[in-house]
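Since the structure comes first, as structure tokens, the remarks are kept for the end.
Chain nomenclature is as follows: A, B, C, D and E, assigned in order of appearance, with residue numbering initiated at 1 for each chain independently.
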Amino acid sequence: MDVRAPDTTVKATAPVIAFDKITLAFGAKTIISDLSLEIGRGEIVCVIGPSGCGKTTALRVAGGLIPPTKGTVRLLGEPMAGPRRDVAIVFQDYAKALLPWRTAAGNISLALEAAGVAQSERGDRIRDLLAKVGLAGHEDKYPTEMSGGMQQRIQIARCLAQDPAVLLMDEPFGALDAMTRQGLQDEMLAIVAETGATVFFVTHDLEEAVYLGDRVIGLLPHPGRIGIDQRIDLPRPRNQLETRETPEFLRLRRTLFDFIEKAEH
Amino acid sequence: MDVRAPDTTVKATAPVIAFDKITLAFGAKTIISDLSLEIGRGEIVCVIGPSGCGKTTALRVAGGLIPPTKGTVRLLGEPMAGPRRDVAIVFQDYAKALLPWRTAAGNISLALEAAGVAQSERGDRIRDLLAKVGLAGHEDKYPTEMSGGMQQRIQIARCLAQDPAVLLMDEPFGALDAMTRQGLQDEMLAIVAETGATVFFVTHDLEEAVYLGDRVIGLLPHPGRIGIDQRIDLPRPRNQLETRETPEFLRLRRTLFDFIEKAEH
Amino acid sequence: MRLSRLGRLLASFAVAALLVWGWQLIADYKLVSPVFLPGPDRAWGALVKGFSTGDLGVKLLATVERMFWGWLIASLIGIALGAAIGTSPRLRAYLAPMLEFLRPLPASAMIPVAIAVLGLSNGMVLAVIAFGALWPVLLATIHGFSAVEPRLYEVGRALGLSRASVIWKIALPSASPDILAGMRLGLTVALILSVVCEMIAGRDGLGNWILLAARSFRAPDLYAGVILLGMLGYITAVALAVLEARLLVWRNRAR
Amino acid sequence: MRIYGSTSMSLAAPSDIVAAFFAIMFDGSLLLATRDTLVSAGTGFAAGGFIGLALGILFGLVKPLDRLMEVTIEAIRPIPSVAILPIAMLVFGFGYRMEIAIVAFSCLWPVMIMTRSAMAGIEPRLLEVSRALRLSTWDRVRKIVLPAALPRIMVAFRLAASIALVVAVTVEIAANPLGLGYGILVAQQALQPAVMLAYLVWIGMVGYLLNAGLSLMQQRLFGRAGRVEAAS
Amino acid sequence: QTALNIGCTATTDCASAAVALEEGIFKKNGLDVTMTLIGINSNIPAALLSNSIQIGGPTPSVFLQAVDGGLDLVAVAGASSTSKATFDTAGVVATEASGIKEPKDFVGKKVGAPGIGAFLQVLFSKWLIDNGVDPKGVNFVEVTFPTMNDTLKSGAVDAVVTAEPMMSRIIASKTGAPAGYFLETLPERRPQIVYASTREWADANAEALKAFRSSIDEAAKIVNENPEKGRTAISNFTKIPMDVLSNMKLSVADPKLETEQLDWWVATMDEQNMLQAKPDTSTLIQK
């Protein structure tokens, strides 16, 4: 059930994320060069590209974790000044992004504490979120006692706990099996539909990009820049079986595959 | 070019990995129950299963990192007594498995040092390996300066440096984009074909499992046990475009998908 | 589980007993002059006598109290200061040079100055103990803070945690193994300095007892004091280890 | 700071301290004393540090041994070096050897404790890597354990370095007639508080330089490994 | 030439040895002597036993306690002894506020002494006993010489048992006033410092010992007759500035040592329960 307003009206308002000629260099090495990009409210933009092309770096810039070397970033209309609480980030290296001294519940609770949610409410919220990511009953496990996929889902739950207006996700479903992944994809679409959140979604799974996105952006490496900006006009709500079998889906997938194939040189 | 002996003759010899009624428990919780499994020389066995079902745990048992609570493991005909140098392990959490104080080259060198390769030879070997995983020219980068996919490939290169008779790989291509991944899949098949190595390959990508495997084993959760043991009789050498389009491939993929779908409950 | 723990503890005590037995042998065969090394039997005798007829108990208590408060003050200041320095590069730039200068000053050599400034009071003694025991805690805390996984600081920033929350919820727990190791050392230093202060500043306590025994060449009494120190050290170490085991459950479950 | 008319014998005006400092600096006694203290503190530090490091690694690697020795070590550790001074003096007499022995005894524990706890903090996955590669014990220590624990071990060594100086000076004050501590003692007994405080300030400076040198060495020698703190 | 290391504390009591060194008397008698300044008197017996020094200058109380504790030491000569002329070089100084005027006033008061069980405190206690006061009623704390004035001023103690040159400084700064000269009533010629060595060394080095004794005899005369020489030698040895020393009386050098003198000390210490057994003083002075 897609309750979002149609894309066109959304686009009319100011972009939620706006990169204006971003350049980013580590020392002498330019990682991202002259990147401009606008993401409208409620839009889901998937980013693909060969390994090491700068996807994570672009996401970190969008999250305010690193300032661009040149150019400006505007977030929700304001110039970027560091990370914000209404912008949630799912890190690629989930194994490092969880507090090893807190249980699953404790890690999710951290976001609630940051938002000032009363202690009495937290328990229910945490149980809800754990159920959403398919980990009901695992609240008392420490990260070291969880499998890779479980850790990744805890991180996702923590981000959802932030009730974010913007979701920056770096290969969030990378460690999940097909079914769990599909479940979470739909879960995410539902949440976005409900809350109108804007999503910047890095993935290396082309089907995932097409299935989720309103737009798929392909980055080219050395230095990172936009190589393709593909609108995905598949109707919503989408369906894991039907959508993936439509000719349009297969065509888009093929387009992106060709892009990646060329980008690899 | 497939230079391996046909599977049938291989199977006649003693199994390389033999699980005999393995049970593994952490404290009171049984993770794996009564698992028996034999993998023949040169066989590529892919393991799939829902997140948290015990794939990583099974791989760690096979690698001698954790002894089973009950049952016996035999490796290359001998009872398991801890890890061996001719068994290479690719860990799922690549971000933690690299030495942060060594460069890409240094991390690969570690395996060569362990094997007693002379200093003079190492340079060439390292360059070779880096080229194999598509990271030529990145030898002087530290893990913190590399993208997730690059780190993962360094770990793979380190394992290849061991010249292993057995490869235990835990979602080794999980953080890679489609093209890099396909390149490495073929690279791995070539290496296995050349060296006759035996492979235990955990993945959550069903197509990958079918494409690579001689056999795909599906684990069921709570506790981990074998739910499906599917032979893959696709002819070798396989081809990324053609093989993936054969009806047999699609049928196998469907079978596994159905399995995973059911396993999720 | 329980039983094996008990067994290990017993084995550990057995090793200690073995060493005491070695000590007895050295004393029996007079490998070292008995004037300076009496056997454990004589030391034990002196210990019992000190408790039953003397005021060894009172002295022990005085030392324990001194050590505890000095250590507590040192730990609190050390953690607070370490947290401040560890999270603020500016503060670090300001304070580091002065701290690095103060650190190697021998606490024992400071005593005369401390007496001149603070008088011959318990406050002076506590200040000296706290001064000495501060460094292990401070250094470990600063290090612990700098060793926090950078990704976790980013998590804190992304969640919009306040600076206090970042310290309290991310940096402190992450640094807690370091801090606890520092506090362990700090406790030892506090005990040593309590004894030294009692020796130099003439406060009543075990140090004083040891000093007087050493001065009047009553070796068994001296060793009685040393044995007490050893026991005291062991008991406090066990108490800290229990605390540590509680605080660091997460680390023991790592696979 | 000067309290006029005071006859305090432990305080002196800064100007007097400076004057005293130059006096002992130029008659050579300060440098000679510094050398003596540094030699004994340095040797004791090296010996104690090495033993502490070795024990720390041993106990970190071999858990059963660690538990076996626990009672003994925890009981010996808190014994103040001052308390064993009479014995050390009897065994070694005055001079470097006694001081070195006591300094080594004092440095051993912090290094051991912190090394052991540093080893507990090593990312378990790295230890598994070393097992999977079947590194020899020596290689495992050299290539994985030490670099991973190095940042913490360096903290232990820096702490031990200042402890070495403090203990050396204390021993010199209490018993051993050489070095800076002896200089303090003589000045104190000769009723020259300015000289005494000059020594004290100098000790602070020496310690500061020592630590700065150690930090520099840490960066030079270990470069990256010393700085990568993320291995926790 | 026999090498010989002599260890003494920073007092004027070892003036005879210092003068013998300064004036070349040791050298003349075939001894190659160095003198080591030792911080705490009670370190001397251990230093002797470890052969770090061959001859040391312990106070009789340290010497007797060491012997009582089982160390095989012998006295080889006297260094200094009490005398009517020097009774005012040590005393007890009390603050105005304490109201201490006479021995009985010390009961219940806090008194700082440079070492509990050390020379001055033993003699002060004896003085109290002789005046009918039980020293157990006095609360002794240890205060080192250099911190005495500050400690007294801060009110942490009511009185300090002290000696020159500190005493006159404290009195001059009006922190406190003399409340008793406890050396005054002592008999003459009670040793304050004795020269001692291990019995083993004394037995094995009879020649050197003889040379030492004759050197000390000669130097003692110089000290007693020509105090300026004594002061110069002491200043060189202890680094105490001459302007401090020049206002100070030197202890009387007294190289002769007899059994009765030690007996007096044994009796005094026994009175205060400082000895476990009664040492046999007849064997304690090397023939």
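FYI, a residue touches a chain if its C-beta (ideal position, glycine included) is under 8 Å from a C-beta of that chain, and two chains touch if they have at least 3 such contacts.
If you want to know which protein each chain is, UniProt gives these names: A, B = ABC transporter ATP-binding protein; C, D = ABC transporter permease.
Values in this document were obtained by computation on a predicted structure and should not be read as measured data.
Path length between subunit A and subunit E in the touching-chain graph (shortest route): 2.
With centres computed as the average of Cα coordinates, no chain lies farther from subunit B than E. Compared with subunit A, the chain whose C-alpha mean position is the greatest distance off is E. By the count of C-beta pairs in contact, the leading chain pair is C-D.
A straight line joining the Cα centres of subunit A and subunit B is 28 Å long. Spacing of subunit B relative to subunit E, judged by their CA centroids, is 84 angstrom.
Each chain gets one centre point, the mean of its Cα atoms, and the points for subunit A and subunit D are 51 Å apart.
For this pair, subunit D with subunit E, the centres built from the Cα atoms lie 36 Å apart.
Residue positions 8, 10-11, 86, 90-91, 173-174, 188, 230-231 of subunit D are each in touch with at least two other chains. Chain contacts: subunit B has residues 93, 96 touching two or more partner chains. Residue positions of subunit C with contacts to 2 or more other chains are 33, 36, 112, 115-116, 149, 174, 214, 251, 254-255. For subunit C in complex with subunit D, the touching residues are 8-9, 11-13, 15-16, 19, 32-33, 36-37, 97, 100-110, 112-113, 115-116, 132, 135-136, 139-140, 143, 146-150, 174, 177-178, 180-181, 184-185, 188, 191-192, 195-196, 199, 207, 210, 214, 222, 225-226, 229-234, 236-238, 251, 254-255. Subunit B meets subunit A in the complex at residues 26, 48-52, 55-56, 92-93, 95-96, 134, 145-150, 153, 171, 174-181, 183, 204-206, 257, 260-261, 263-264. Contact residues of subunit D toward subunit B in the complex are 123, 125-126, 128-129, 131-135, 139, 143-144, 147-148, 150, 224-225, 228, 230-231.
Subunit E meets subunit C in the complex at residues 42, 45-46, 49, 62, 65-66, 68-71, 112, 115-118, 141-144, 146-147, 150-151, 154-157, 274, 276. Subunit D makes touch with subunit C in their complex at residues 8, 10-11, 64, 67-72, 74-84, 86-87, 90-91, 109-110, 113-114, 117, 120-121, 124, 151-152, 155, 158-159, 162, 165-167, 169-170, 173-174, 181, 184, 188, 196-197, 200, 203-208, 210-212, 229-232.
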